[in-house]
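By letter and in written order, the chains are A, B, C, D, E and F; residue numbering begins at 1 in each of them.
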Amino acid sequence: MIEQPTFATSPFFLGLSNTDRNAPFVIAGIPLDIGVTNRAGARSGPAAIRTASRMLAGNDHPHHWVSVDAMPIADIGDFAIALGDIPRSLALIEQQAAPLNHLLALGGEHGITLALLRALSKRLRSPLGLVHFDAHADTWDENFGQAYSHGSVFFHAINEGLVDPRRMIQIGIRSPLPRATYDWTVGKGVTILSAQDVHEIGIAATAERIHAVVGAQEPTYLSFDIDCLDPGCAPGTGTPEIGGLASFQAQALIRRLGGIDFVGMDLVEVAPAYDVSEITALAGATMVWEYLALRQANASG
Amino acid sequence: MIEQPTFATSPFFLGLSNTDRNAPFVIAGIPLDIGVTNRAGARSGPAAIRTASRMLAGNDHPHHWVSVDAMPIADIGDFAIALGDIPRSLALIEQQAAPLNHLLALGGEHGITLALLRALSKRLRSPLGLVHFDAHADTWDENFGQAYSHGSVFFHAINEGLVDPRRMIQIGIRSPLPRATYDWTVGKGVTILSAQDVHEIGIAATAERIHAVVGAQEPTYLSFDIDCLDPGCAPGTGTPEIGGLASFQAQALIRRLGGIDFVGMDLVEVAPAYDVSEITALAGATMVWEYLALRQANASG
Amino acid sequence: MIEQPTFATSPFFLGLSNTDRNAPFVIAGIPLDIGVTNRAGARSGPAAIRTASRMLAGNDHPHHWVSVDAMPIADIGDFAIALGDIPRSLALIEQQAAPLNHLLALGGEHGITLALLRALSKRLRSPLGLVHFDAHADTWDENFGQAYSHGSVFFHAINEGLVDPRRMIQIGIRSPLPRATYDWTVGKGVTILSAQDVHEIGIAATAERIHAVVGAQEPTYLSFDIDCLDPGCAPGTGTPEIGGLASFQAQALIRRLGGIDFVGMDLVEVAPAYDVSEITALAGATMVWEYLALRQANASG
Amino acid sequence: MIEQPTFATSPFFLGLSNTDRNAPFVIAGIPLDIGVTNRAGARSGPAAIRTASRMLAGNDHPHHWVSVDAMPIADIGDFAIALGDIPRSLALIEQQAAPLNHLLALGGEHGITLALLRALSKRLRSPLGLVHFDAHADTWDENFGQAYSHGSVFFHAINEGLVDPRRMIQIGIRSPLPRATYDWTVGKGVTILSAQDVHEIGIAATAERIHAVVGAQEPTYLSFDIDCLDPGCAPGTGTPEIGGLASFQAQALIRRLGGIDFVGMDLVEVAPAYDVSEITALAGATMVWEYLALRQANASG
Amino acid sequence: MIEQPTFATSPFFLGLSNTDRNAPFVIAGIPLDIGVTNRAGARSGPAAIRTASRMLAGNDHPHHWVSVDAMPIADIGDFAIALGDIPRSLALIEQQAAPLNHLLALGGEHGITLALLRALSKRLRSPLGLVHFDAHADTWDENFGQAYSHGSVFFHAINEGLVDPRRMIQIGIRSPLPRATYDWTVGKGVTILSAQDVHEIGIAATAERIHAVVGAQEPTYLSFDIDCLDPGCAPGTGTPEIGGLASFQAQALIRRLGGIDFVGMDLVEVAPAYDVSEITALAGATMVWEYLALRQANASG
Amino acid sequence: MIEQPTFATSPFFLGLSNTDRNAPFVIAGIPLDIGVTNRAGARSGPAAIRTASRMLAGNDHPHHWVSVDAMPIADIGDFAIALGDIPRSLALIEQQAAPLNHLLALGGEHGITLALLRALSKRLRSPLGLVHFDAHADTWDENFGQAYSHGSVFFHAINEGLVDPRRMIQIGIRSPLPRATYDWTVGKGVTILSAQDVHEIGIAATAERIHAVVGAQEPTYLSFDIDCLDPGCAPGTGTPEIGGLASFQAQALIRRLGGIDFVGMDLVEVAPAYDVSEITALAGATMVWEYLALRQANASG
């Protein structure tokens, strides 16, 4: 029960007051954005997502009929990063993520996912499955000379054995892309569903493909780049691409991912300086909330 | 025939110069917004909707092929409200609405609908049917201690016998919601179609459900909360929820509501400070114009 | 291969450095906007589209798998126009367009298309087919006393014999429109698919209708008014109408227009002062890029 | 006495309901903007200024202690203009201005002033004195080939004998300017006070210079281009120049112009698409209100 | 010492982690805004001021050379208010303020000051001196029928004996104002310095007047309405008036108020929906920080 | 002579078409921004400054009466930087700056100045004088662990012997600052004029101080951080501080710097995502233009 109107709720995720790093579910912001190849500003994403999330607090989820507020979630604030230094920041992020139980990371740019996968992979001692919403495959071998930009995350994650590419599916892909990069990705075994594919085959078939690829038995990670959504729904991001998913599509997909053994998630690339009236931040907050509700529904289901 | 370009048209609804309170159709702004639970500013909605409406003037409706400009409509300006006082404002609104023939109210927050339904219900001496577009059920029993916020309109309307819940349908619902509130609403007999429902079953099936619920014989009211639309289409509102209707869906639905005996409508929750380039205000103006065209088509059809 | 990050790319279309007016494909801005009937500012469209286009450079098209950067395209800057003078501007535009090989014009308002069609029609000595994306039919006989506003382009184009109305199809139409104007247009033989039509019949059927109308044998022109898109996707325009196409729909349609003998295109009515975070400019840039990729795919296919 | 809160006041100048064209003071919008050399959109200025002016209604002027609301002022709406046609628009404006008693024109671009001066000069049968606030001298002989752009207004006004250059003073001038244009202007007898001059010599000395130049005996016109203000105070304009007047300086200057025989005024170049939170429109509205208060104080003083 | 970059600092005032209600200095948000007579949204002020304040943390004040971070300050979050109910909210605010040691309140609208003065006055058992920065005198006897709007705060404060009008000075006043209201205020003994006065007499003379009016012996309150600043510096507010103070003027004045026995302060009327790039929120945060530094300098001086 | 209206001018500095790296004066963008401690986005500064600069082309400077367009200036585009890597970027910048004759750099963040001073100092073989406009001293020994952030530029420049601190003056300083950092800076011999100092002593005295500090004999560099201006004039920057210079003050100061032997300049920290209607970019462009006019006036004087 929320006693304050939305506008007076404390600016933590869902207005949470729990800050215990040992909580079963942990929200943390990771305000790194210096590996972004176009518009800057994802560093301000965590604060914006938290602020927007307050609208979702204090009621039940209208599909799963669970209360996310009732879950054992802590918001531990933002990770320390090394200002202006990608390698040191990735090391710091990995180190801070390692001891947490089940992390939901609020980016920041997509580059942070590499550090998070390294931490998880070390702990689980096996490659992860991956459900990856994005406009971009993020499997470039480098971008403009930078090996660890936000466009190379999954190139490294696959090469480092952090994810199992045969258990990896990308949804919403539509950016210009070198044919060689595409071929490398598919050649590794990754399944790619473009945004046009989703528009054509629909929600149910897309969800089936996700289940078919990642399975229910082994641990899987959810990485949600907000630019998988159409710029009309999510203008506040650094590398928008038109023709993306409507927010209802992404929401409906997450709702259908019950039974997958998710071990963590991130929501990345919200750049509030390019947002309008917080709609991108709200979309980001809602996707995290959908993930939590899915977990709660699975647990109680 | 409009003799001035759009940008020079007088800022009344459709540039109307008729201000006769006895006109068969009456547009009025109701700039109340102090019962809003999140972002403020719906008080500026009427002016913004009027300004945006000028784009729709001077031509025929491209579906019904009627001229809304030719209808006997007056724009009588804004209702007096009691600054900072909900109960007195509701009384004032009811009193001003009572003598009007067929009112199309431009909100303002959704709280005004309670006063409008009281006025109509008294005149018609029977509960109304209700077609209700919204992201929120608005059947909370109270919000943060306030009994008459914008979230409790239909809780009161049902309890006061102003609407017949068995002839009431809600379209686009998707916000977090206490299970008990949902159960109360459905238990009263209200039909709820979530936004995901509409996306799944489509326009035609949704329109059929509306007709089935409200019927053609008895008087029905249309209450259109702009937040039923997706924030991408309508960012300028106080309590946005992602995953909403595209504007074409709402438009298509209204076009299919011929034959229903509508006795009034409102368009609420446009908050221009959060709008971008007037697209929310234009969406609001267009829904009112669609309603008018539907009436005109019914009359001439 | 692009050596600079997107944000450091030169602000020409796709960062092109070729400025040769004799290039096989020529990009030119045409910053006329004084015939606009509502919100001004399309004069700033060419610069915004070029800036946004940089995001599309340096990679392959993810559907046709061609490289648009590799095409022989020049960006020759903006056409000279006559400040504040429509007739002189139209004459100047026609004169500058005449010697160019294959022009892709960045508007500016839709009024420029009349001059472009005059130039092409003179060279080809026969009326053109036309694929016309728009919210408006643009076949008014005049607007507010101005014969050559952006609302009368195709009234003149048909009357002057520049296009063959039986080989002309309009997609996305939905604005208020005098019945007489509609009847005149259809009476001339033009095919009109409203936005609601496209939403109902879908991409594949719409693409079929386009092919059926314009055919593969004779030269055809593509005129893309950005307001065919929904204001949620494209707020930055002068005469927005709700209920429009999602950007994925327009993109999917252009991808299916292979085999048509296109001889030129324009992308008009981007008004950056009303845009948010460049999403309208990016939509415009992407449509031009889709057209180029289609040409390249046709050539290599 | 205003009975409605500001946000519910009718969007006429100061919420006026008088529309009598024979009123002693007449407000009219003149939404011409096609002679603007840079950012478009002054056509939307009149509506924005009217909306903003509502904040000034219903109370006394805190310096002159007069009530502007009590003056015999009508707001007659916008003048008809010829869409996209400068010469015809100037003729229409002159014709509509001619019969009005004392016109306060809301632009629109500065080009309208030429037509207004023609109308006044014809009636008064003698050249006018001129107090001209602006960042630009507006005495170019042409701009980019257009003789009647907003940059040539006073070149023509002087050449046509509408104003007496020895009774003309320009305040706030600071834009880049051809030396020849400056020399021509000064050579004609015009007094120019740059913005830096005003910052250096202060309000009192500037006001003295104005009185010294225009005198008290003969009719004088006030032309206020909003870009005389600094872009920090007035971003919403087409050709901003940094280093301008603070709004308090302009306000203080107008308050000291008592005793001058003003016969009309205009407030031009408010371009709302570039405004932020209506501060430019409010600055424009306030300058008109200051002028009215000055007149009222003179009359009662 | 701040260990996180500004953008990663926790969104409490100056990033404070102390939440102890018994701290010697207490920051609290009071998100009431329903008594605002024009643009809504001051409810979102506290969150915006806190976010902006992070830029001021972790260093010394460059004039007083004290560290505000080192002071015993708690940020206790937002006061509970009664949604949509002014009288109940005022009672709740008074009740929550009563036990706090030295409150710095972040509004919210100016109406909250009445409740805060009631609490302080009861505790101190004598009327307070008042330094009041504002564009408006706020001594209307009512506004549009509402006795407790933001425009009547000091009418009540004087009538209820909460402040001693002879020890009350208003700085920056410039709005339209009924002569009778002005006369009542001055008649009660209040000193009014208009914004034009401050511009004319300068900082030093204004500071002297403040000291002369409030003295050093008796307790004094600082009420800072952000609209005392010019809209160019502070667009994000509900009732802007042009011609206001530059932020450097207000800052310089506060720095010269050493020796006054301040017992509390508030910073009101920041309405973030009308702000641009947080400059209004930053101005608000900085004024609170200036006040704190002044206190610290006084204590250590 | 400019043949195109401003809005159609090519988006190079002043619309220049000269791209010769050997030109006597060279404009280059340096889009580095990853060492920024707060709001990101100065990478987009060069493009925005160029676009805004077009307003200044084609006329004479109204104070010096020289034509900047006539000067031998090239705009060579943006420097290559190493994406996401500060040390490599600084090395690249130094290397690219080294061979240029007289560089005017468009930032990007202030961190670039270190590389530029290194290049100049090597060539001139002696420390430079420095005129430094800024809100921040930028002499922190590190920021949040990063030695080469934008806050440490002059700590390194002094320590590396690139500038002579006794010939270094900082104007506009006002941010919170550790006392130790201030003392270190002053202890090295740097002259600091705070923004409050400038407001108090005025333009003439400030200019005298600058001349007194840097002298006329030895080479001097101008580094202009746009945040020296007040956020009201320049909201589009990463670390705004209220109470800054009005743009007219900075402009007047530069105009009085004749006779100083300037060997280069930079204009840094324009962050367009936080700008409003390009006013910050225009302020930046104008300062560069003032510098060029000063050089031209010196040369011809």
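Here is the rule we go by: a contact is a pair of C-beta atoms (placed from the backbone, for glycine too) under 8 Å apart; a residue touches a chain by one contact, two chains touch by 3 or more.
Because the structure is predicted, anything quoted here is derived from the model rather than measured.
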So which chains are sitting against chain E and chain F at once?
A, D
Check the residue numbers that chain A and chain B use where they touch, and answer same if over half are used by both copies, otherwise different.
different
Could you check which of B-D, A-B or A-F has the same interface as E-F, with more than half of the contact pairs identical by residue number?
A-B
Only C-alpha atoms count here: how many degrees separate chain C from chain D in terms of the superposing rotation, rounded to the nearest 5?
180
Chain whose mean Cα position lies farthest from chain D
A
So how far apart, in whole Å, are chain A and chain D when each is placed at the average of its C-alpha atoms?
54
Taking each chain's centre as its mean C-alpha position, how far apart are chain A and chain C in Å?
36
Distance between the centres, which are taken as Cα means, of chain F and chain C, whole angstrom:
41
Specify, in ascending order, the residues of chain D that touch 2 or more different other chains.
3-5, 7, 37, 39-40, 43-44, 83, 143-144, 230, 232-233, 246, 274, 276
Pairs of chains found to touch, sorted by chain label:
A-B, A-C, A-E, A-F, B-C, B-D, B-E, C-D, C-F, D-E, D-F, E-F
Sites on chain F touched by chain A in the complex
33-35, 37, 39-41, 43-44, 82-86, 143-146, 148-149, 273-274
Note which residues of chain E are touching chain D in the complex, please.
37-40, 143-144, 173-179, 182, 194-196, 199-200, 230-233, 235-236, 239-244, 246, 274-276
Touching residues of chain F toward chain C in the complex: what are they?
3-5, 7-8, 10-11, 29, 31, 43-44, 46-47, 50-51, 77-78, 80-81, 83
Quick check: in the complex, which residue numbers of chain F touch chain D?
2-7, 55-63, 65, 203, 230, 232-234, 246-248, 251-252, 276-279, 282-283, 286
